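First, the structure itself, so that you have it in front of you.
Labels A, B and C are assigned to the chains in the order they are written; within every chain, residues are numbered from 1.
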Amino acid sequence: MAVDGDTDRTLSVDSRGRLWGLHATLFEAGLFGATLFGIVSLCILFGYIAFDAFQPLTASIRWYLLIAGTLILPTAAGTLYARRQPAVRAANAKAFGVVGGALVAALCTYIVVDALSPYDVALVLLFGGYLPAVFTLLVRRTNRTTQLGPTAILSVGGGLAIAHGGYDLLRPIVGTAAQWIAYFAIVTLPVAFGLWIVGRRRWTRQTARRAVLAVIVSVLLLVVLALGLGIDPSFWVVLLSVGAIPVAVVIGEIVVLDPAGRLGAAGPFVLIGCLSVFLAVERQLGLEGPDGYLTTTLLLESWHGLDASSAGVYPQIVGSIVIVGVMGVLAFPVGIGAALYLEEYAQRSGWRGRVATLLEVNISNLAGVPSVVYGLLGLALFRNALGFPTGIVLSAAGTLGLLILPIVVVSAQEALRSVPDSLREAAVGMGASRWQTLRTVVLPEALPGMLTGTILALARAIGETAPLVIIAVATTKYSPPDGILSSATVLPLQIFAARSNVDPAFRHGIVPAAAVVLLVLLLLMNTTAIVVRNRFDRRSQQ
Amino acid sequence: MSNQESTQTVHETAETSERPESIQTPRAPAIEAHDLSVTYGSETALESVDIQIPDRQITAIIGPSGCGKSTFLRCINRMNDRIDAAAVSGALSFKGRNIYDEHVDPVALRRRIGMVFQHPNPFPKSIYDNVAYGLRIQGITSEIDARVKLALERAALYEEVSDSLEKSALDLSGGQQQRLCIARAIAVDPDVLLMDEPASALDPIATAKIEDLIAELSEEYTVVIVTHNMQQAARISDRTAVFLTGGELVEYDDTETIFENPEHDRVEDYITGKFG
Amino acid sequence: MSSEPNADRESLQRNDTVVRTERLYGWAIAASALLTILVTVGIVLALLGEALTFWSAVSPLSFFTGTKWSPIIDGEYGLLPLVSGTLIVTVGSALIALPTGLAAALYLSEYASERTRSVLKPALEILAGVPTVIYGYMALVYITPLFQGILPVSIRLIPPGLEPLPAFTLVIPSLQTFNVLSASIVVGIMIIPMVSSISEDALRSVPDELRAAAYGLGSTKYDVSTKVVVPAATSGIVASFVLALSRAIGETMAVTMAMGMSPQLPYFPNVFRNLAESSQTMTGAMVQIASADSLGGVTYEAMFALGLTLFLITLSMNVAAELVRRRFREVYQ
């Protein structure tokens, strides 16, 4: 307790207090430094990789000046301008999102379908999708009492069974059509259908009908043009359907409906324009860019163990995409189902409650099991028990699918929990059964969150290597997989296999470049997940 | 004969029988409870409730907070089924049928009894889709447009939203959302409309609109309304039930009698504000 | 949606087919949930099956206490070198990750503004998102050469001539191509987010009243953070440590690529030799056996025995961490 005379002394900041102040500042600085430590270290390591992959020192200064002038300055100017106008910024983000996403989607679709053979995909789609859909609709028209769900599922199953059983007969028939027709059936028809569904809700029925017609006509015109020029229309059909049409729809909507943000929609096209200017000037002045290893050869060719300049990772890229896709198809329904059970069906009291708790504890334990152990599970299940051949897409996708299952379940649970209970009460009060409540109210609300969680889980799986090594997936293959039962390899395995190659063109060239490709794939998936989540946040605020 | 036509015929009949009071025939009660008790584990929420709720009148349920008003309301459409720990004993019948009978499907029951909640809870869909929801889940596909319009008119909301039915229901104000929830509930032509403090989350102007609306609704539907606002109960209801702490139904009579000349001292204390 | 003409409004029942179909959906959903239990059952069966066969050929005692691991060449199945390798990597990565992660968590929870936090927190999560092969590659190709340039280093701690103290020079040997240090560093970086994220949650859960009380008594921010908040969140922080260590023990690709495949027993007294030379972890040994790819035989079964050991170790650590965490959650709720 301070006496009056002491007050002056204890309240003022003396030298010891100042030292203490310094101590505190150092402490905070230390904490801040620790926070940055990992990030900075990773940046440095990434810097090494980028340096080796892109070889930036091999380009001249004039080349960099050209980049600064034609690409960086306009982008910076545009960003500064957009910062002041939120409508422009939003429209710009939307435009870039749709252009980037559509291009990536188009490329991935083409790559995967090309690897799996477009005729096979068309066959599966025809018998497993279109015919069952038509059948279900017909049944619904004639007999109003049938339940759509079981009818649809049974007809899909039946269709696929027919396709599988009659494959030898049906495949040659399908194969007589020109390849672009197969692509048309695979991409253009679903896109047109999707456009009709979306358009019916957002615009008038008439506009939607006209839009669908425009899609089909434009694609057919493109085919005619391509055939006239003597080039195979397949790739362009995909690019137009999956790439250009969504872009046209979204940009069109912005231009028509959002006068304030119109300028923002021009963003990606301005960028493309700048890029063209850059390339033209580059060629004109004869400037050469860096002699990096991230070339088209890397992206389109297959591996070469000795000659770095002809080594590529195309089969690995396709393999990664296909395995991740199959993994998603396997893990998503099971994960969602388990989450639905835990959140919506399971009781919390009594013995059933204990079972539910056991399930949840089990899932959280599974999430912490090392990935190698999942490899052993995959080995025992797919190679020993089921007798699948070594390293096929199905085994790899199944093993990794089991690995990500706990993550999918937990994130789906969180998405379901975020749906307010008041909505469920409203639906139940209206006389909706539990399944109806889920289907009409809960799942539509929770779906974006579930998708985000699944995509993030898939993004993690695309870099997983250990389980695949255990189930003996081949480290190098020279052709992409052509079916679920064909053997495949993935990008991280190739990096692992090439680690002991001491040729500098590989060690400080091709392999870092392959690592960059893997990181780019990862970045694309994470961006997709974030975009899905943000659109969900915006939608629920409307 | 479509649903709409048959409903109108029934209501015409009811109106002719309602007008001359002297030849008013006693109508069967819409809802009857006999020795109804609800416990949550060791807690008693409702204690041996006996009540007969008349058809096509407004019955108000009042009482201090925690006295089981909402619990009783939720027994009527078996919403308490959703709570694992709730144990219901006694009998509760709707239109003469015991709703806790094992052959009764609570989902089917709730399609005949509508509920409006304290906080407006429209679905994150369009206004039209909200009102049409109940019709669609019952598999009704014809004349949805007409029924949606009728429900919105009856809920005194149609004029305000008629040109923006496709807009999201979440864009409406609180009062409008609650009227939308009422429209949603009545679109399926329920026999009974349960309302759990429907205006307590709204501002006074919106509350007044809702109260007017409820008075009109009682011409077509049996309304049971839980409210903590005694003046509201006195204004709009025909009959009033007073629950007091412990889930006990202490007194149930015509509204005038309850508010001017209650039988029990405890009820009088509650109404004059000595507690609660 | 199908209509239900058989639904009778008076009967308070629904169309039988509808009810039955919906019950079917319920069963399908329950089956999905059951599948998750089957995964665990599958893991246990898969591991036990082969591991037990292994332990009938190689005695568990010699497995758990043997000091030589050389399955392919010599048929020796002693676990201790692998345990040593795993332990050294884990301890090394813990030395990096635990203090750093806790410091980061403290900074983010107590010091950082919302804006800073919204940038740094996702940035830290990136550390956990990088594929482990890439970490392994970076360790092998960039970190090792970097350190090889600095080491060997000898520091004269106690110079001669100071009798009776013996002369003592600290010698950090040169780094081999495959070494434990680089592996420890990348695994440490990799698990920082686990420590920081869970610890931060624990720190944030400490009720503000505690902080207010401490400030009211005249404490500085440093006092509050280190003497009030951190101790209050101890169980959450400990849980994060245990989980991160469990993750480090289970790490495979980064350690295999950086450390190589030479299982060793720990060196004594020159402790630094353990970091400078190659070794092998349990996970690395499993990968090595799998790469040799012989379906069957004692070596193949050994892989499952290793897997079972690893599974049990990480499972018990995770369960312990969860119990600790649950205890801290109960305290505040």
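In this section, a residue touches a chain if its C-beta (ideal position, glycine included) is under 8 Å from a C-beta of that chain, and two chains touch if they have at least 3 such contacts.
Computed from a predicted model, the values in this text were never measured in an experiment.
Visitor: Return the chain pair with more inter-chain C-beta contacts, choosing between A-C and A-B.
Guide: The greater number of contacts lies at A-C.
Visitor: Which chain's centre, taken as the mean of its Cα atoms, is farthest from the centre of chain C?
Guide: Farthest from chain C by mean C-alpha position: B.
Visitor: Between chain B and chain C, what's the gap in Å when you average each chain's C-alpha atoms?
Guide: Centre-to-centre distance between chain B and chain C: 57 Å.
Visitor: Whole-Å distance, chain A centre to chain C centre, using C-alpha means?
Guide: Their C-alpha centroids are separated by 27 Å.
Visitor: Round to the nearest whole Å and give the separation of the Cα centres of chain A and chain B.
Guide: 48
Visitor: List, in ascending order, every residue of chain A touching at least 2 other chains.
Guide: In chain A, the residues touching two or more other chains are 433, 436.
Visitor: Residues of chain B that contact two or more other chains, please.
Guide: Correct list: 107-109, 111-112, 136-138.
Visitor: Where in chain C do residues touch at least two different other chains?
Guide: Within chain C, the residues that touch at least two other chains are 1-5, 14.
Visitor: What does chain C use to touch chain B in their complex?
Guide: Where chain C meets chain B, its residues are 1-5, 7, 9, 11-14, 19.
Visitor: Within their complex, state which residues of chain B touch chain C.
Guide: Against chain C, chain B makes touches at 94, 97, 99, 103-105, 107-109, 111-112, 136-141.
Visitor: Enumerate the contact residues on chain B facing chain A in the complex.
Guide: Of all residues in chain B, those touching chain A are 77, 79, 82, 84-85, 107-112, 114-115, 117, 119, 121-124, 133-134, 136-138, 168, 170-171, 181, 184-185, 188.
Visitor: Chain C touches which residues of chain A in the complex?
Guide: 20, 23-24, 27-28, 30-32, 34-39, 41-42, 45, 48-49, 140, 144-150, 333-338, 340-342, 345-346, 358-359, 362-366, 368-377, 379-381, 383, 402, 405-406, 409, 433-436, 459-460, 462-466, 469-472, 492, 495-496, 499, 507-508, 511-512, 515, 518-519, 522, 526
Visitor: Please output the residues of chain A touching chain B within their complex, sorted ascending.
Guide: For chain A paired with chain B, touching residues are 347-350, 353, 420, 422-423, 425-433, 436, 440-441, 445, 539-540, 542.
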